[in-house]
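There are two complexes below, and they share chain A, which is joined by chain B in the first and by chain C in the second.
The block that comes next holds the complex of A and B.
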């Protein structure tokens, strides 16, 4: 246990040192993504209803939470594979769980300022009132952790760097455009609503949104309840963790 | 007299040869071009519809008639820039400049091919977006000059920008930031009056707004007025891009 904790600390330090040039840029990109999105989507409306503004403001932080894990990690690992440093990093004498959790901690810390700034932007721009409950802590942790695990699953499970990059870009596209994250599910066609009952992004938004609005708004879909959303996200996290364990454990 | 290497005839035969070269070199890019344009053109028109929710016919018409402009911008900003920076990294430009063809003929041929390369994506985008919202557009013959001038402008600006910057890493970072800002804050999918005044003023100088206007006016009736100014601005940007290209391509290193 003490050895694990030491490995974890070392890997956090490793990630911070390894990514010292990337992290400030990534942080800025996340702020631009969240706050820019909150301001920009509002321009599409001639008269934005308060519910639309609330969905947008509470959905954009979810994008902040998962972007680093979902897109940055696969690209980073793809780069390591191209450079040939992947095997070296995998051979470091630390438990894989310690190194995964270290990366999660870093991703969570990068995402938090963006989440807060995105929320503030929305609240100020659209004069909203949020009712933040303590459930926000598990909601944010689970969302970010699941994003990181899915990203790790892609990064380690897909061995062709180009394909891994493509998969991560497609995931971001699906999350932003075709998942009920920043708009109600009822605005999607029926088949996409059904698909999103099982995909992780809409459920992530449902749990974060319900924690930010004291449960007043969930997903806009009739059948999506918050406990079910927790279950869907949890299953994705476990499944992704299993893929990571399999991909890292196999012999080549 | 075969070795005369100047004059319009020589330029034209070089241009024709470079056209063959460029068509052969670019044909692999066509599927990629098409895919990106559909994603950012038709894709954004459909996605914005999800965000807005219940669309009136006028609002849907606005989104659909704006979508080709996004496809044009995608081709010019992402497609052309990617092609140019890839050639910079591979050293292909040095090879092309060393060919026994006037550089102006080589550039003219690249512009021709890339301008035409983006047309299928524009058409597919428009058809997809119109189909999604069940609209019939009133397409006027002005669509031909509108799309060609827009595409030529976007190609020229993308090409000039990538060549003037010269550093692929910087160019790509800049384009990634630009495409996000452009897709979200450009008065193409919403009226310019919704922008804060200072940003609207910026867009009265940049070409994006005028590009949207020119294309929209050729697809709809009664939404866009004063198309002449838009054509003038697009032409001006094209000429400025050509001047920048001429300077960077023509200088000795």
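The block that comes next holds the complex of A and C.
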């Protein structure tokens, strides 16, 4: 266990050093994504209804949390594969779980400033009052961790760099446009509502939104309960972790 | 970490290792070899011979189709995590250190390999000194030349070496002076008791650095021994090298030529030293006829034995592209 913890700490140091040229840029991209989305959608309305503003403001931070894991890691691994350095990283004597958790920690650090600034932007722009509960901590951790694990599964499971990048971008499109993250599930056609009961993004939004509004809002009518949302996200996290373990363990 | 193995503690052993890729290419075909602790063992062979495929199986990046790979009491095929602990690996590609300072990368790699901070920092400083990297000590990898990056990569994998260090073309892009420094460090690794498995095309340099070597061609181990033993049958021979003029056919070789191979525009021949005068006369006639531009007569080297075995030159520049066997070419 001590050796695992040592490996984890050293891989965090490695990842932070590896990304030091890009960390501020990555954080800035997430701020632009979240705050930009919150402000940009507002331009569609002369007076945005408060309920819509609350949905938008509590959904955009979920995009930050997911994007940090889902986009950056596949792109980094794709670059390593193209440059040929992937095998050097894979040959380091580090438990895969320590390496994965180290990357989660770094992704969480990258995402957190964007989450806070996105929320502040929405609150100030639309004069909202959030009722944040302590449950926000496990909600944010589980959401970011699941995003990271799905990202790792794509990064290591899809060996063609271009395909891995495309898959992660498509997932971001699904999250943004076809999942009840920044709008209520009731706005979606029935089949997409059903699909989103099993996809992770709507459930991620439900648990984060619930924690930001003291349970007043989840992801709109016709959707399931917050405990079920935790279960769905948890299952995705476990499934993604299994794919990561398989992908990193497989040898041609 | 199971799987007892015969042989002394710390002995690396590959037994009948065969690797057939899904596309049917047989990259390794029944390769058996061993490396003792402290031994520097060279793997020589032309591009696509299967050298890189072999070392990727050692470090657990590929899985043999059949055969065993062991280090001391550890079965490296069954336990790739143990392989990563026991072996450190410098691949052909550059290490990913764009954001790292050179010394920082060396220290961090040593720490990731489980080294104590003070010992790793001390050793990193020794390596920076020994490889003459002082002026780039704190410079980020993104600004380093390919050769300096290569040296930093070498230091990263040897600052806290495993029991077996695997070096795949460590001198690529490195200038001649620092190549010598690198080979000296390879020797010192051996002197400290670490086994070294060295993949290289550079036969002339390998001759001075390795204790024993194997020549691999078309996935098979075709010769093995010490450098002296490998060239023993060339004792009493000379190398007569003839540079063929552009646009001219290779001239026929006289009967006293024992072996001839065309490498680029160079006709490399081996002759008995008693035939030196006749050889010079033949070379001068070829130059006089405009067929050749120049000739050189020298003592035979390991390279001549290598050329005889494989039909390829072992000089850098001839086939410096590496195995590049990610797709199965091995």
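Everything that follows uses one rule, which is that the second predicted complex is superposed on the first by the 250 of 252 C-alpha atoms of A that agree within 3 Å, B and C clash if a C-alpha of one lies under 4 Å from a C-alpha of the other, contacts with A are read in each partner's own complex, and residues count from 1 in each chain.
Quick note on the criterion: a residue touches a chain if its C-beta (ideal position, glycine included) is under 8 Å from a C-beta of that chain, and two chains touch if they have at least 3 such contacts.
Just so you know, these numbers come straight off a predicted model, no measurement behind them.
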| item | value |
| --- | --- |
| Partner chain(s) touched by A:58 [first = chain B, second = chain C, both, neither] | neither |
| Which of chain B and chain C A:83 touches, first, second, both or neither | second |
| Which superposed partner A:165 touches (first chain B, second chain C, both, neither) | neither |
| Which of chain B and chain C A:44 touches, first, second, both or neither | first |
| Broader residue contact with chain A after superposition on the shared chain, chain B or chain C | C |
| First (chain B), second (chain C), both or neither touched by A:121 | neither |
| First (chain B), second (chain C), both or neither touched by A:178 | first |
| First, second, both or neither for A:193, with chain B first and chain C second | neither |
| Which superposed partner A:94 touches (first chain B, second chain C, both, neither) | second |
| Contact footprint of chain A on chain B as seen in their complex | 39, 43-44, 46-48, 50-54, 177, 180-181, 184-185, 189-190, 194-195 |
| For the chain C and chain A complex, residues of the former touching the latter | 21-22, 56, 59-63, 80-81, 84-85, 87-96, 98-100, 104, 108-109, 111-114, 140, 142, 153, 162 |
| Residues of chain A touching chain C in the complex | 3, 6-7, 10-11, 13-14, 17-22, 80, 83-85, 87-95, 249, 251-252 |
| Chain B partner contacts - residues on chain A that touch it in the complex | 32-33, 36-37, 39-41, 43-46, 52, 56, 173, 176-178, 182-184, 187-188 |
